[in-house]
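Single-structure report; data block below.
Chain IDs A, B, C, D and E follow the sequence of writing; residue 1 opens each chain.
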């Protein structure tokens, strides 16, 4: 595992929420948080350094909890197993809160992110909303939840209206999906709004079309048995929201629109 | 190449020369073989006997000189004043007229012995299996293997394998048969069964060139014996003369050692 | 008739050679072997029980998804892909191996270049390239060499994930198969070619009737390694929106986080497919081995 | 001394055999070969130009990242991993091959089971399993067989991505290498073992002094295929947060989305490494080939 | 096994029996070989000659009967009233006292011929290279290969390879040498050079068992000839008697065919 070299402050027993932490974490003085460092702008690598919106949030969290952050780059496959084998205590990143996932872990919701439409620059097909997708091909990321669902729904609607249907292909990750849009294999991507904004700012070949829609919670995962850590996280997020750090950080990454008034637990409804 | 086939010898070898790198293996060999003649080639190891046979059916490309079967050059075509090498089906047709039996049998191990004999007939001569089969069976019967037609080569003794190899070559109705030490890889007791088949062939008038170390066979069967050393024909003549009363030292010392 | 000269002594308790010649030869006993068997088996059972009862394995989830429609569809695609790829790769491998051993310098250089490039580049890269070929060549045909204007068919209409996978895997495995086939050719005695030639077979007939059938026997075992490799390797099609076995379980666990049980589902299927393939291999080898060995 | 009987005719323009024997044999010319070379080369150049000038290839980005620190670090990790894995796999392969051919039924059954399992399960699954071994065995040692109470070292402290990769690849490649080594043993004549035995060598001496050195020569070419495979296959460590070449470019394009140029960077490195390996192979084969062939 | 080595024959073979599946290859063979004796074994292919030699140095495990070298059972240990097979180093030590030369040479192709000869000395006898080397060179000189010590086996002729094989076996200072058709894979001209080395060995008093088809060699060199057929010793006695005046039909017909 790769510990973040920037986070090596010693345990601070004076921190406001130090006493909310379970004893074993107080003893070790370390909170181990895992996430996949391949999703800009949430957690990604800049050179050798782990950066991103969620990385900033993690630093702020351990700040109010008074422990040191140990970040583990943890690909999706190893998140639950990592929690169970205690390689990590918490998982954060581009993780949506859904009913299915609530069956496996407890999710502390700390942000609400809508979906966006990403199209080639100039939007050649003039696609601006999920309601005019008839005849288009949608690219999405395997396992991301809304895109496939949206495509299927719209496909049904178009067919019912006697129009050409909506095609859908799911790719391993966002980079592969973007290539599909670039090669005109797909006409449009449906993806997480923050990621879409980041991509359109980075590549110049794509732009965000229409308005964001269907927001959903992003959450930090803990094992269901670790209610103590869950509660500590809720308290920490509450503290960050109240002391203004939360708003400041979201603003820094142009994500102020994803703010929620208070953290919630397992609030996802789809 | 409109020569009258009845006027020339069946096989004419002229100035045949072959080198491997700096090693000259044949240095201008000349001889003829008449129809029905049996020629035995003797000589020490490395003297070029195998290379001579291999040049005759163009398994080896000579550096100079020619081999002609019934007046037709083997392996080359004359264009103006030069010879151009033949390729593909034309060369294959010429080779199919010359049968060859190898020291190590070289049967096709993945086919039964009947299929081995049918192979040339069906693939090269494109005879239908129905008509080829009786002929193959007849040949296998003739070499004494009628009972083994469905065996695989590796399940036969060396002597049996070599007899299949002879049958396989005969199936093509060759005009000339080449034998390259075809009994040297055999157990002593098995040698005689192969030699017996070859004697029969000779008696029936097949033209044969036989490279061998079996002096007794040469004496009994050969019309002519050729003795080679270092890529040259050192001595040749009727079997009785060369073997009984060799004129050249090299022949004499060789015969002393192997007899 | 014999000149046996040994003394028939039996002094100081040692038996004479003649006595010993009548003794029973003890059957070979291998107590260590039996103890080892026992220990290995017990450890294996303990390990299996330990793994089997581990709640993290999620056997109920495994059971639930083992015959799931999406998984079965994945199995079908994996099989279809693997079979087609191996057929393509074998054909290509034979052609390239013949080129490499042809003695024609242009052909053998082309074969070497082919091998170098397609064996040396990561498969993932090849897959992504083929799938996104339109990025480089929007149209296939003369336009590829001469420029857009010269026309050709639209690339995206020809290359879907399936075609891209066939091309990428086929070329890559073709390169590997060519080495295997070349090894097979080297394993056949020179005398076989010469025997065929002296019967009057052309080069093509020699190849088809004599060399290839014998090579087959040699190349089946290493090809099996390749088959298994491709079977599992097709998982890479997940990168180009393909639908093989592994990507179908990835789709499922991406939604429900049941990573371990779903990977077990995939493993069970792969082991089953490999086992079936091994049985098939056994019979194929037996058929090809006719005429060899005892 | 010769009994030449051919008539020295030269009628109707045909040369006699004797005349032809003096003719020059035309040097082999292959016009088709040269035309083919030309066409292939021209097409290749056109293709290269077409690809080279394509803006989507992003050659400036390629140049920028080719010697990037993160990429170089990836190259180093890939090399270290590959070399260690191959060393491990070869050692393991030899042991398993010896077991498989030992004639001892327990050993050969164990070898077969090993092969079936580790060759048959997808590598990705094996990697994820090893990385998350703590899930099944929180402690390594007696606890694995007897239950938590019996102690052992904490699994997560032992198994990081590197150890997990070594284990997963080492076992998987070890299974494949065992088949290669077994093939090598089969390629050695029985007479070699008997000659060694009749000199008074023990089984171990025979293996070490006679069989293994000769096997080496046979197994180097297929091992090379495996080496190349592992070199590229290590990319799978991306699934367990490893840091090899391919994952290091993936990290970069996750940030800047320059997928194609960065895949080209990886390809260039892989091709370079494979080329170096091929050159090394050439010299190793030449050394091992001493005493064989001409 | 405390027998007095000077009282018994060097080699005693008693009731030696061996079957492969249902095929009995040796059915209770008895014979002795005295110190310094040269015994030639003749017989048709498949009569069990090779199997006999291979049982003597326990390359093949007999089904019943024993082989004893200087009164010590080869390959087994007596435990009570039964024989238990030896394994590992003890068997290896026994084998190192019996040299064997094979039909197909079986030199180690990855080592030079000097290394081939050193192999047994350095690996089995654990002699230091410095002291082993002069002895190996002396042996190679004795078989006429002093000039080739750094060549690899595949670069030598068959006759040369076989002479190296003899030197390799001699290096172990064996008490008994076994030769299994060691000239059958050779070109006729090369046979004599190997036989010459063997004649020298015999003259120097080496005890030898020679399976061969070279009748002339048997007549010249053998103290005794054993004729085998179908796993039995059919006839044995002084070379002159057995070869000149065979008593048994089978011997007579065999000799007629190979002489």
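Simple rule for what comes next: a residue touches a chain if its C-beta (ideal position, glycine included) is under 8 Å from a C-beta of that chain, and two chains touch if they have at least 3 such contacts.
Quantities reported herein were computed from a predicted structural model and do not represent experimental measurements.
Colleague: If you apply the touch rule, which chains end up adjacent to both chain A and chain B?
Modeller: C, D
Colleague: Based on which chains touch which, give the shortest step count from chain C to chain E.
Modeller: So the least number of steps between the two chains is 1.
Colleague: Quick one: point me to the chain whose Cα centre is farthest from that of chain E.
Modeller: So the chain farthest away from chain E turns out to be A.
Colleague: Tell me which chain's centre, taken as the mean of its C-alpha atoms, is farthest from chain B.
Modeller: Chain centre farthest from chain B's centre: A.
Colleague: I'd like the Å distance between the centres of chain B and chain C, where a centre is the mean of that chain's Cα atoms.
Modeller: Those two chain centres are 44 Å apart.
Colleague: Just give me the whole-number Å value for how far the CA centre of chain A lies from that of chain C.
Modeller: Centre separation, chain A to chain C: 40 Å.
Colleague: Report the inter-chain centroid distance for chain B and chain E in whole angstrom, where each centroid is the mean of the CA atoms.
Modeller: Those two chain centres are 38 Å apart.
Colleague: Using the touch rule from the top of the page, what residues of chain C touch 2 or more other chains?
Modeller: Residues 56, 128, 132, 135, 259-260.
Colleague: If a residue has to touch 2 or more other chains to count, which residues of chain B qualify?
Modeller: In chain B, no residue touches at least two other chains, as defined above.
Colleague: I need the residues of chain A touching at least two other chains; which ones are they?
Modeller: Chain A, residues with two or more chain partners: 77-78, 81, 84, 176, 179, 182.
Colleague: Applying that definition of touch, give me each pair of chains that meets it.
Modeller: Taking the chains two at a time, the touching pairs are A-C, A-D, B-C, B-D, B-E, C-D, C-E, D-E.
Colleague: Spell out the residues on chain D that touch chain C in their complex, using ranges where they run on.
Modeller: Residues 30, 33, 36-37, 40, 43, 46-47, 50-51, 54, 56-57, 104-106, 110, 116-117, 119-125, 128-129, 132, 135-137, 144-147, 176, 179, 183, 221-222, 225, 228-229, 232, 235, 246, 259-260, 263, 266-267, 270-271, 274-275, 278.
Colleague: In the complex, go through chain A and note every residue touching chain C.
Modeller: 76-81, 84, 98, 100-101, 103-105, 139, 142-145, 169-172, 176, 179-180, 182-185
Colleague: Which chain C residues qualify as touching chain A in the complex?
Modeller: Checking each residue of chain C against chain A gives 56, 128, 131-135, 156, 161, 238-241, 247, 250-251, 253-260.
Colleague: Please name which positions on chain A make contact with chain D in the complex.
Modeller: Those in contact with chain D are residues 1-2, 37-40, 44-48, 72-75, 77-78, 81-82, 84-87, 173, 175-176, 178-179, 182, 199, 202-203.
Colleague: Given the complex with chain C, which residues does chain B contribute to the contact?
Modeller: Those residues of chain B that touch chain C are 57, 59, 88-89, 92-100, 102, 104, 106-112, 119-120, 123-124, 152-155, 165, 168-169, 172.
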